[in-house]
């Protein structure tokens, strides 16, 4: 059984090929993903035992979501089956001055309508050392909000570390709602990733080029307010839909560690944030020092953004090599 | 404004390419279609003025559905915009002994949740000579059931001919429900196409190879019961998912006319039935004798099944040529 | 009927996929386009009533050209049918230090051989407020040269504004010929777009990086010489076949307005110039101030160059958003 | 230098993929071919020295036509370069009851406008043992008609065998014109392939299922009239656009030899006729008895119709194996 | 751990798309498969616990082979890693009169050079109830021949049933070699599938249309000679590379059971034989009567041949439905 | 017969499309190439007579390798046939911070196992003016090492110029081995291209940004040590897997000539080095001054890296145009 547990929703992502606009698409590439499933697949690929908890419909798309995880080595034995449909998101990949666009069609999905009886949390967490969830999961429905709290509580009760990637999505819930829920859930959280407006922070912190000094100040305040063991955030400089700067900042209450900055020509930025969470958890779980962990997480998520699809298919060796500083892209023979 | 009016739901159809199974699909071809929109596009391509009534969401997929109709020359000016989503169906094309499979994800679509206030029926029908609808439309929701009746009534009130393709779908409503509704709607119907169990007929009439004698007997009974002007049905012999026989039978109360039988190597059987309706309406609307009209309808729908996608892109000339008896497939230089 | 009229030739564009050279292509993507048809489709997409005038052959390629316009909402009712063939151009998309290449095969096309009797100019212009044409149209043949003058005259006679994008193409006619024709046509023109050597200007103005000061001086001289109401030109900095700077300059006789400069990673630069014309006409037609109009036109045509195909499929909302200054390419959820 | 000489026009063939109709095609597959070039490539692949004579434009498409021949081992050193364009044909592959369609756009091609000065016939035929041409070549233009006669004369003057595949195309010239030319050219011909209405035969001989008895009678008359050494024709039974019967009949003035009949599920029937000519020439040139030669030709051309593109890529070994009677399609490991 | 164990080699299969010949292929589709892995994946998909034993290189292709199995639910924990390369086979899919062709490039593969120390047979078989292997495995090398015998012995020692699909491949070893090995291995075998010339049978039994009477006689002799519990064979009628008849015969020493005959329009016949083995093992393992088991195996393998790739992706429900007799290919909505 | 002779191994290159990782590839694009074959094809395309010597298996992949050369105009008449297999390399194209990866599967290839008897060196070199080989050829096997020396000797004996591109590959042989062989072979070499560690140079010369001064110093030493007529090397600045700087340095014993520096957005960097050799040989062979030759070589190889596949399909005209200084990528109409 997995010693790291993650829980969330998996969706089909439909994406027009070749930078076509939605209006031009005669076909859509399809990927299976979702925040926590990306974390799970990263950890499994890096060699850690990890289990993913969700609910998926009894149809070929539910099957595919599961087998795409199994393929990566994720334990899927706690996934519940049933419900009406799998959530869908349409993704139009932007380029240059044309931004990417996302259209959600995920209401009434199997997981959004899942209930506590679908999961045996005692069994799921019987051997857990770590639990990870994103702020998307409680945002899906009242029911998944309760599931999130229940899972966090159970995780804490068995002594597991709890990490949460805030990841506020205004299409899922209004900020007022998020602010009523997320701060309360923070009481269970040890590792806070990408704190955002759902914790009450000001929106202008997240506009334009990230300002490291203001981030440090904000991390300090959050540490005081919530007592997190670690706080970490990615630093994305969006120069265009094709080219981004990428770094990260982490804090353990005493030191701030900032990762090397990568200039990324994006192939598929989807899953970049979740890959950061996956990398950070890998680093902390395997006992890296914070500065190494944040470098590992930044390198891992930089690589993800040069790989098509939701999952981060970079290998441990690939990440280590990039961490070691080789960004020249020379051919590896 | 169009003199033929049709009303129904348009969906996105997602289909794996190259006869792949759902589980194998890394991409899906996408088509926009739906029973009555296929009828509308056929009629527009054949040169008749036709308007299509539906409701579609304010997003690129709604746009595409509309522009795919406009491309064929259908009047789209009465299409309402709004609602949550466009209906979706997943279609796995079968081959040989492996049947095709359809998975619906069409609940809560814009049209299924449309209401009377979305449409100005007086304007829509102000110049109408013909109204066509399928049994799928009332099956979608209570609301579309009321819309169907309202449209039929309005059509009759302006003296338009009303045609209905029964097209019972058990995934949309139980047979008891359909039998409570469809016979009642038949009072407005002049041209009854593909009568089925929703009119109370026995299911075994439609199993296996169609039995023309039993169909004739059934047509006779329906004529008596409902007083239709014309009754017509397609006769499909499913030898495998790849090869079908195809013919049709029509009745005007005095004569039975059976169309030539085609042996079709199927490219995409989707839309075959609706293309038959389109062909039959074209024939009757332009004043063909019933035997010509049913031949035209059969040829038209046979050709459809050799064309990819929902819409019947055969031209009037193509259909006429096949009607004239040339099935040798010799190259036309 | 459309209140904006455009006239020109539509061609099939054959383009090897994936940056292949002509010699490598086992298949060609096909697009339908042509300068004025791009202007027409832009205006229709932005919501203005627009009609496109041309002649196309009675074959499926003529049909496709028409339905591609109808799809975008352009009025195609004045398009004549007949003639031998549709014009073709082969387009090899360059990358980095490898330039794009165009091979024309457009001689004897339906439109190039069209005559005045193919069009009822009185009907076409009965409701016209604006007429747009490019310098390509008179360059095609003696006959289209006469058609252009006739159309301009008719437009003026009904009080319509006339715009012309000079767009000199040396493969279509020698510069001497162009200089004998274009200045004469300028007498009908109110809005002069992209003035070039066909008006007698020196070729070295258009070599290398555009020099805004020299452009301003040139605009001043043209104003004096031809009395245009507005003069506008795009400013393209070709750093490579993949990366261009993009801006624009406009002049109303008193003020010079220069648009924001975009750094574009090109997806398909084809149609950039025509999209600028479309954007400028939209701005002026809807009453924007010149500085807004030129910003709108520059943003609109910048976006076009990140979209595959000839037509500018950017929506009004997309253009407005880029005009508002967001070039970060952040995901729009 | 090649000992077998062929002459004709090469075209680009544009074909929609996946049985799409012209109207649906977003891309076209491209093949280079043309009757005599198919003969040439067949002979080169079977190992005979063969040269192909044509004229092609100085552009990448001319290059590609040539390199596609060179790839197969055809001697291209006598191909003239220049002229305006390469001829084009659009090919819509039919299926089942939907026939294939061809649209020519080949006027004013480089070869159609070629003149005698483009070719040094003395050099071309200095080492020739056989010359082959189809009836398409003289049909292209007055000029190619003269070239054909000149080539035939030169071939006869060096003692070469002359074969001609009649291949009448009514889109290229009216039957009266063909009948004024082709019988006259027959005086140079030793091997007459696929005699047709251009020799004055009745059109109804070629309608519907081929009638072997009437073919034999016709062969007898032609033998008397023109004194051919051999007469041969393919026998195609067009059951549909997907399934054809295929056989052939040959005659040497004393015996009629009929090849085995193949039932072919067509992949691409284009080039079937020319592959028959190629196979027949191979057989006769290498000294096979007529019954073997016609079997070889029939097998060779049957295989062609299961191969995509114009050229017959079957190997000598493939043809021999089919000739030997194995039509079971068992996997060859 | 799996209760059914299979062992063999997995290869990459490279296949030109769209029925292209090897010479035409600009790209190859790639599938991972191999006889016993197909059996394993079938059983896992049908819900049985199954483990697959092989050796694969430490590279991405080895990874992919493993994850393709894990995706289907096969236990891959006993797969050894190392060696030089993964075996490759090139597969040209035939059509109609053109046969499929296979080119092996599998020498020196990781599994062919594996040794006993790579596997812990005691652990592998500790919980085994069934062991399956094909005749390909001992044919690969002296080493795999020893591995096969060792595995069979270990299986028998724990009381597992042993099945073997003979599957003689003359490109792997000469028939004399096979006849020196395979009969000796039969002493461990309970279920003999597709007996062939490697057991000393005459080659002409397997030429042309299978003769059921001669098969029955042959089964009787094998029963006597080797004492098998069950003998079964598929009956393939190769009418062409596209269309095959398909049935099967099984024998338990007292009764002969012949499965329904399917007429299959082949999509991909690869893996048909192994799917039969998979189906038969499923039937016998789950306690079906022999007539049911052979029907299940025949239906299962018929479906496989309508599915692209090596693995049989038909679901248990799909097979059951076909077994129940519905071969009409009607759409399943 | 060719006056320039090259010798080496051709491989199939399998490359995932669309920047997919090996693990994601459902298909592989295939290219035929190999260092010296790229040189040969470049020279043939530029119009020089060139012959390529290798050994290839008697199968369709050997055929394709040969016809891909014949297509470009290379003389293939000295290519030996036979052996077990064609060498394969798998190439994962990197992007941005993700490097490209190469996996070789080329052991026991036909050429690696070729012997002297496969080639008639006297005939091959009877008319030779130039011989080119890379350091990969002797690295393949003991046998090809002897073949290389034999070829160099024969070339010198007929007075041909000998060029060698060192191109050390540590996956083919250890540096000690290379250093025992390559310096010895240098005695036959006139033109030394890309000297590397196999000549005893320090590895750190080739790490990071190339240092022109140190290169000049190194060239001077090599000149003294080996007496080369010319020494040349490419200067690649790897900023990322997508963007490289590119220049070159040449030396004739008195002057150092450095080519213009190109900033290349890479489409396919494979074959860049060999294209440089091809360009340099073209320049020197046709009598360009060294500064022109190195500019030609740099421009030629810069263009290659914007073209997919192994061969440099840039035309002489394309290279000349880039040499002339136009790097703006403006459309060539």
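All chains are identified by letter, namely A, B, C, D, E and F, in their written order; residue positions are counted from 1 within each chain.
One rule holds in what follows: a contact is a pair of C-beta atoms (placed from the backbone, for glycine too) under 8 Å apart; a residue touches a chain by one contact, two chains touch by 3 or more.
Just so we're clear, the structure is a prediction, and the values are computed from it rather than from any experiment.
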For subunit E, the least number of touch steps when starting out from subunit A: 1
Joint neighbours of subunit F and subunit B, given as chain labels: A, C, D, E
Repeat of interface A-C, chosen from A-E, A-B or A-F - more than half of residue-number contact pairs shared: A-F
Identity of the chain that, by mean CA position, is farthest from subunit F: B
When subunit A is superposed on subunit F by its C-alpha atoms, the rotation angle in degrees, nearest 5: 120
Subunit B and subunit E: spacing of chain centres that average the CA atoms, whole Å: 45
Euclidean distance of C-alpha centroids - subunit B vs subunit C, Å: 41
Sequence positions of subunit E contacting 2 or more other chains: 21, 23, 26, 67
Chain-chain contacts as defined at top: A-B, A-C, A-E, A-F, B-C, B-D, B-E, C-D, C-F, D-E, D-F, E-F
Footprint of subunit F on subunit C - complex, ascending: 18-21, 23-24, 94-102, 104, 169-171, 208, 238-243, 269
Residue numbers on subunit F that touch subunit C, as the complex places them: 262-267, 302-303, 305-309, 313-314, 318, 322, 326-333
Parts of subunit A lying in touch with subunit E, wherever the complex brings them together: 67-68, 70-73
Residues on subunit E engaged by subunit F in the complex (per definition of touch): 14, 17, 21-23, 25-30, 59-61, 63-64, 67, 84-85, 88, 90, 92, 103, 105, 107-108
